[in-house]
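Next come two complexes, and both contain chain A; in the first it sits with chain B, in the second with chain C.
This part shows the complex of A and B:
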């Protein structure tokens, strides 16, 4: 629409109405195609989630039934998940591990990223990123071995350390390019006013970088929250995380779909809430970061 | 110049990191455990698969803990996750596995070969009251390698026909006793317009190996011959593949090549198939009204006879052993002894429909009261005719299943079965040479 008005403004010799008539059918068609495409993609993306939600309120006999929408709803699956299967405890474990790993990775990763961006150490950043390229399973056996030797298998510490190993490179990679994109004028101004380099980082750069920090923190948190492989091998009875606990619903003889879906809802909802909450924060951060006169 | 030094330092860091890893890996220093004293206060880790017998153990565990003073930590996992965990932990000689619940047909050879399971021959024969000989002969054989016992059976399974009584009654059809009758019955009960099928079985190649095995034996073949060669290149084996493929393709639901055990049973549970041929351990789920719309309408029949007679599998699907690296072997054995006692196995059978490996369980009317009567009868007839394995008895079972399962897919798709069986047989011969 803005294009139409602009082009009309640029060409005063052609009537505005004429311009709209000539370009609008094509534009309108494109608009329709875009709307349809958005709806199709959304449906494809949302349907599995929707099915998961529906199934979590069904008995197993109704889940395999082709009649998707008509069934007698039950909350038994949620009762099983939250009380009989101890999912609150697993949720607590997941939260502790994800939050601690993210926090520690931020504390170490932010100054590292700052140094990488300010002192032009791109190759270091690339090298650190290798940790994400190596498949997790190939790290697990040596890790397991080391943790077993020092008696850390089954502890929160082992899981937090392994999650940091993967979160840290992500945070350094995202934040170093974020810091690089920031203007240096404010920092220079701060240094002229007597701040040290560390002081500039803490008092100025970090505060302006909050949107970037939030983004990398979300990604790191979601990685930890969803990680299954490390928890499978390194967690113990008291540190089992939600994704590992999901497998309790898959027995040798059959899959308890209702319980599995209810548990999946329990796992998915907190991540959605965290993301939605932090997304607002990102938008707020963007405006807060604007330079004022 | 500066660039080069930086790169060199990176290489040094990488090298140092690698070296330290090997150093740590070097200081293994594994001391063989086994405290001779009291087991009271010992903590043991038990790894086991979700469902069935595990539910009973979870329920009754406080009884064991208060009786012995042993603290038990149960780690319940899915079947494949359990396998993955064993691979990682046992490869690094972990001491934090004590009791290992495993699938003998899938793992006995591998575990015994790698020395991962403790030889418990003396322990099993040492307790008269617990009675090792009460376990069926075939189940004991499944956990024994070269006369050394490595595990105690927990659950057994037999290949049977589950049938929908209402569908059979509606057409006045009798239970099939032979392969020819099975085909005729499947044909008569297939009605594609209403979406009901005569028979549903596994079709996904790797998973279907077990349900196909009874057909293979009943047609007069086996995976491996007595001389240790491939047995699937014979005319009998080709006929078995052909029969299985034709039966499922013509009288089963479409898309059979993607069905594993759970999905095939799901179709039967929805009342979409007249017969389902698979392990009797699925009876509990089929008779559960919250899972199955055919609960209470299901009959059970023995596997039909082929050209070589009726030779269904009768296998031990789960067993418990002691990890060779455990430091609490005495406490672990006490746990296994308790968990495989008549009391616990009987409770698992009556509450969870988990078929017991103990012969006495099947003769105890208190145990079988909750169990389909026809299955008890089948149990007694199978002991003389059945075959004790449902997949090739090799070390790398999964790889073997892929090879011998390939002709099943070809048969289901209506391809050239004889050629596919020949080709699979050649690959299997090669495989058997390397599987040592």
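This part shows the complex of A and C:
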């Protein structure tokens, strides 16, 4: 899967001069229509995000006047959000939870994904992917009951455990399809040289699978970072994550639009930066497994 | 002596390695299975149990077994439950149809390589990786009737200002629009990957035979793309039925004052965490799960029928 995407991305685009020489006026017109359509689609996708960014630098007076594109920018919204509203702390919480959940899910999920692909354990992978079908809320009620009884509500531990539920199925799905696509030649060579199967997995397969591991880790991190539902219920004063904090921001302060947009930007920017630099991996991960059987 | 000992330890080590290798299948999958069992299967059984009780208010309060009463109450509830079922089906159904059509168009549009395609592909990724709650807040500002950009934009075309999210009649459609904006790229990416993996010969043959662009796509490309289309629909249907973040972030508890955005997921959430009525919330969830499984079965059957 990942190879397919790489090769598609690397296919050189046709030179402009070539296109013009080769094509009839009708084709050239179609080319222009296509270009305009692509630009329109891109604008539709990016403009709302741009508008959010713009609003985050506006004073509330400027926001209430939607006609204004030009305004005196201010960073006051960011200062309020980061320092007065403690978003730095929430960002740290989100980071810790997403990183810990991803790491644990990798340690548990990578061997499982390997076994699923090597021994064709379809039922096991189906069992693990069940997690995708079940609505989070149906787990949240029992979790809440159980965590409340053992006093874990509001702890980092509770949030990390629940976020593994987001990460593990994702990692198993992406990695089992990645392992299936890998050639077994080096593994066989390793076993002939006296490595055990477990040893081959640890010393050879895992090293060769680094691009896949990166893909699944990035996506697992993003989805954990974005998760709202579990933190909404299970986080406490000291463990509030960014999405939960953003929701509370609106309920407490009503309509401080500038602050709200600055807070939204603070949450989305890390994800956007990761996406811009690692676009290829993210596309590979999102489509892995979906296009087979 | 020392030599003997190390020999012995080597042989124990070898034995252990042999044992590990023979049982690798189980050793590698057991932690994941145990985790799934603890985090998913046990809670699921607990949910069924709770659904048969009157659990409410405090988690430490004793609960009484009341049989199927919660289910009977729900199935007779035309105020909250059935409208929520309707909204869930409408939100997912309408969203899916629009997203599938748009994603197919988008995938065909971006299929052939062009200059700047890296930028465009990154741009269409941004909506789907953006934090849903933040996306909800962003659209709330844009759709704000008096200060939002949406009304400014439609007024350029002479369309009068709309209420959007604050008009109960338009809320659900506005939310579908947001869902389409956020998730069409996801479907398009799956379809693009599908397009990259289908052979080129049949299309070239059709071109040589003089088929028009439309004919080529309807009779050749799209039929070959069917598996990817169904895979995309299945994934999207599951996630769409479970949509929560954007609905709750923009409309809050109960899906707004008239419950205009209250889908089954939001209803279950409201029953459990806004009203602390855990028993009936669990019953909602079980009925919801049945609906999801039904939808998955429907898409799977349709895709099998379509493949023949």
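In the analysis below, the second predicted complex is superposed on the first by the 235 of 293 C-alpha atoms of A that agree within 3 Å, B and C clash if a C-alpha of one lies under 4 Å from a C-alpha of the other, contacts with A are read in each partner's own complex, and residues count from 1 in each chain.
The rule is simple: a residue touches a chain if its C-beta (ideal position, glycine included) is under 8 Å from a C-beta of that chain, and two chains touch if they have at least 3 such contacts.
Model, not experiment: these values are computed from the prediction.
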Legend entry - Which superposed partner A:237 touches (first chain B, second chain C, both, neither): first
Inset, instruction - Once the structures are superposed on A, label A:42 by its partner contacts, choosing first (chain B), second (chain C), both or neither. - result: second
Legend entry - First (chain B), second (chain C), both or neither touched by A:123: first
Inset, instruction - Could you figure out whether chain B or chain C reaches more residues of chain A? - result: C
Legend entry - Touched partner set for A:139, first chain B, second chain C, both or neither: second
Inset, instruction - For A:273, decide between first (touching chain B), second (touching chain C), both and neither. - result: neither
Inset, instruction - Classify the contacts of A:149 with the two partner chains as first (chain B alone), second (chain C alone), both, or neither. - result: both
Inset, instruction - Would you check which partner chain A:61 touches, where first means chain B only, second means chain C only, and both and neither mean what they say? - result: first
Legend entry - chain B versus chain C as contact partner of A:250, first or second or both or neither: both
Legend entry - Intersection of the chain A residues that touch chain B with those that touch chain C: 64-65, 124, 127, 140-142, 144-146, 148-149, 232-233, 247, 250-251
Legend entry - Residues of chain B defined as touching chain A within the complex: 6-7, 10, 21, 24-25, 27-28, 45, 49-52, 54, 73-79, 81, 84-85, 88-89, 91-92, 94-96, 262, 265-266, 269-270, 281-282, 284-285, 289-293, 317-318
Legend entry - chain C - residues contacting chain A, complex: 17-18, 20-21, 24-25, 27-29, 31-33, 35-36, 39-40, 42-44, 46-47, 50, 59-60, 106, 109-110, 113-115, 117-135, 137-139, 141-142, 144, 146-149, 151-152, 181, 185-186, 189-190, 192-194, 196-197, 227-228, 231-232, 235, 238, 241-242, 244-245, 248-249, 252, 265, 268-269, 272-273, 278, 281-282, 285-286, 288-289, 292-293, 296
Legend entry - Footprint of chain B on chain A - complex, ascending: 59-61, 64-65, 123-124, 127, 140-142, 144-146, 148-149, 153-154, 232-233, 236-237, 244, 247-255
Legend entry - Partner chain C, residues of chain A touching it in the complex: 1, 4-5, 7-9, 11-14, 16, 34-35, 37-38, 41-42, 44-46, 48-49, 51-52, 55, 63-67, 108-109, 111-112, 114-116, 119, 121, 124, 127-128, 130-146, 148-149, 161-162, 164-165, 168, 172, 196-199, 222, 225-226, 228-229, 232-233, 242-243, 246-247, 250-251, 257, 260-261, 263-265, 267-268, 271-272, 274-276, 279, 282-283, 286-287, 290-291, 293
